[in-house]
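In the two complexes that follow, chain A is the common piece, with chain B as its partner first and chain C second.
So, the complex of A and B:
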């Protein structure tokens, strides 16, 4: 150290001065670059640039179509097969004045809600098996749950049709165990519900499994040591702590099943249509685009409202748990 | 303690482990452990990571089933009793508080699981919080507490229902040194006041020495030695124990003779040692002589000598540690460390490069098994 300290004053000063001048210029430039970069990368702009590609894509392919759909529901209505142009609320008054449409709307909400609830009931044991079971069990359950997604939903719906048919597999099985005249399932709400639960179950299991996997195992163990049975551990620890996952799953399943078209069409037929079927009829069969657009708008608003209310409730609860030290 | 009598002193249960083993496939994690924690005693399971201490604790809790052996509390077998019916309290390394419950709800959990009436539950939970100095924190969420406070909540949650036994799994590992020491003393007081039998898992020898009445040193799934802290330190039974608890200088030797409680040993280089410490090892058996750094006295000889219980070497380095001066001597290619009390150092302390002679008394010459 001492010898190094000794050599510094011996350095030729003029040379050093020239160097430092150049270095100063250099730093000035790099500081400018740095400033520009930091302005560019400041949180306000970075966020914007990161979102831009998705924003452009959604703007062109989602937001614009939705806006034009809403516009078309307000700018024309069809009377006796003839389109009348001009601003109108006629499509919406028609939607709310008819008992038929209200029944279909109610059925859609009912099926979507029941699907979410049933899917949650089936999903919890599966999610626990995935997140808490051994690795081979977890893999097996995951594959079994995800495999149906590889099969087209049309094919699966027809599969359910052959099972739920009056002479189908289920009726045959019931006959074997001594129920000769089982109630008809096909073309009822029940058939739609059963198939919807099957089709949308993975969307409930996966977020639930990841939420449960995030729960610290020792928290469960602490509950058990403190005297909780396994059922109590589920009700008091796993259930409340997995609510964020349940919220995501329920919101996915509700949205998907309320907008479902193929499954209700194949299994519910015209006896038990949902909003999707109604929209298809208005647009493709009756050629009434403005009214179809109005029903679609109603569907979007309904799904959005339910999701927002739901997430709001869950978020408020969850925020309380993570309340930071203040 | 603000109110020591608020949770009445209960008779802690005695815990007996008989031939406890646990294996995962071919991997034997715990083999044939026999151990007893007497009522009201603090027992530490001490060992390096992977020695099976945590598995042993989890078997007592019921979170892991032993593959062989019996566990009994107060003589009653609990091996087949499910976790929630064992009536134990447990502290986890990461506290494991319920993040969605307030402090009071966390503490009250065990009571409500036992069907205790609501008013009484709140009352008792508050008393447990007072005992752990957390009065006023009832409505906070765990995430709004510091690590030390969370640990206190976990402690209150574990003792509120008067468990037979308190189990601690590396409870203070995540706390800083000062807080850890304060919590250790506090825990010891609390356990003694409540008469709680406590079983503690730790890899920190100091923590075991501070807290435990009995220390079981574990290695490779077995117990190397189980005895009081003082006996473990002063009479380690094996090389491993002497090395794990405190620091020791080791010299391999063979037992030459035993006479009147005095054992004579000879090292490979022909040096003789005498020990007054009792040993089970017989004449002709291989042994290791262990000398604690603080048992050593140093004298400046200036030349190499090898008398009985004395060895000289060149000073490699010295480190001032506050109360002691550590001196490393080079002896026959290995290092020999001495810890000299500051008062014992004269006007000319050892300097690197000098030759000094270390000597120690026969009472302080420990004989341990090789393995």
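So, the complex of A and C:
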């Protein structure tokens, strides 16, 4: 670390008899530690050795299992309960050719896309309040948005069940305003969408708020002085300049909601399963490991693709825009 | 400066915040209902559902198991994560970008997929050590957060203070405890707390690796929601919400870390 070997430790306290023995031992021990540390920290491989345990841990318990799972989706398939070994694309063609599985895949993409869009719509007012409102408003909104993250996702999903239930809060509220028989929402795709937006909203609000906070206020003020309405300022200044934050938020929300399991199960029941539920059924109920592995691989590919599209392309565009503006 | 947030925006924000809080408040109301099923508005007043939950040995067992699991995972993640963060920020690591890519990759792969992959590996290995499997699974998903948080605090340390201390004759261990530690402590604390919460609340890893004797509280909650319909579920949900509020208070007041920092 620092080149401190050879400096003489100063003694800031006067030596008194009772303490000196302990102090001497202490210095002897610390000398040893110092020497060991300086020997350790001066090699070229120190950084490598420090990183190694975590790297090995993740290599053995994350990279290896994921890679071997992807491999297993290509090296076997199950026909009538019998596993057939050998390279195959059967698991993937099955996913796209079967009507049932394709519907689940389409629903997953639809729910994840709609969740991202709805979350963005709800998040913008909140993000503007956090980054442009007074300190007390910003704090109130931040706490109210982040505190639910500490509540278990099972509980948050269940909360929506108590609202969307036939005897729940929403039905009661609708009755009060004169709609006695509202259409059932619970166990539909709508219920899944509503709860997903709620659960993943914080992941949209926070990146948006920090992106908006980075926008120079004088740009907005200039637009206002030039006579732009608040809506125009939003559309022409805040929205385009906060796109990097929107890209981060959208890719987070899409990734999380496309792989959601608990929320679709609690609110969609068996009527609108997503890919997560399909993986669970194939592996735990039907014991079809290769097919489960193929769906899992597809989820990884989807998430990687979305991250790549949103983060790389949007950011490059954005850099080009801002460059041109200068 | 003039008012930068319009009143209309404030109204919209208020409505959205009410919607955000609603699914956490409605279970609280329903948990005191003196009916055999969930109904809104609640009818009568009773605390019997809370009594039923608090004296339920299964609920107690799951809660305590989750606390134990999250504690072990937090310690494991800190032991692996702190040296790694020091290595990444203070030393040259060969192939730094590749190392960083591997370390952060569990944040990209969906949790449910990480869980399946681990279950496949464990079943090929013929492993029966459920607790160990859960600890490994949770540490995989917690470690990146710890490393990110701790690295962040090491990057922000002021090297000039260390140089000044060394020049004035402070031994390395004094520099470490008196100069570096106070600067990185919030980052380590935030990483540890976040790790604890991620493990305590995890569902998509535990759903693959847990068994009947090692049953974390999120799995228990889920099975209760699936199989029963009386307000005792609302009571458990309310207790979990109170627990989360307690956590917010402890994090903000005792540790002095703002929620915003924890989430960043």
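In this text, the second predicted complex is superposed on the first by the 257 of 326 C-alpha atoms of A that agree within 3 Å, B and C clash if a C-alpha of one lies under 4 Å from a C-alpha of the other, contacts with A are read in each partner's own complex, and residues count from 1 in each chain.
Throughout what follows, contacts are C-beta pairs under 8 Å (C-beta built on N, C-alpha and C of every residue); 3 or more make two chains touch, one makes a residue touch a chain.
For clarity, every value in this text was computed on a predicted model and none was experimentally measured.
When the two complexes are superposed, the chain touching more residues of chain A, out of chain B and chain C, is C. Of the two partner chains placed by superposition, only chain C is touched by A:133; chain B is not. Of the two partner chains placed by superposition, only chain B is touched by A:216; chain C is not. Contact with chain B, but none with chain C, is seen for A:321 once the two complexes are overlaid on the shared chain. Of the two partner chains placed by the overlay, neither chain B nor chain C lies in contact with A:248.
By the document's definition of touching, of the two partners only chain B reaches A:240; chain C does not. In the superposed model, A:226 makes contact with chain B only, not with chain C. Only residues 1-4, 7-10, 30, 33-34, 37-38, 41, 44, 46-51, 53-55, 57-59, 61-66, 68-69, 72, 122, 125-126, 128-129, 132-134, 137, 140-156, 158-163, 165, 167-169, 171-172, 195, 198, 201-202, 206, 217, 220, 230, 255, 258-259, 261-262, 265-266, 276, 279-280, 283, 289, 292-293, 296, 299-300, 303-304, 307 of chain A touch chain C when the two sit together in their complex. By the touch criterion stated above, chain C contacts chain A in their complex at residues 4-6, 9-10, 12-13, 16-17, 19-24, 26-27, 30, 37-41, 80-81, 83-84, 86-88, 90-94, 99, 102-103, 105-106, 108-114, 116-121, 136-137, 139-140, 143, 147, 162-163, 166-175, 197, 201, 203-204, 207, 217-218, 221-222, 225, 233-234, 237, 240-241, 244-245, 247-248, 259-260, 262-264.
Only residues 216, 218-219, 221-229, 232, 236-237, 240-241, 317, 320-326 of chain A touch chain B when the two sit together in their complex.
The part of chain B that touches chain A in the complex is made up of residues 61-63, 82-90, 92-94, 96-100, 109-110, 113-114, 141, 143-146, 154, 157-158, 161, 167.
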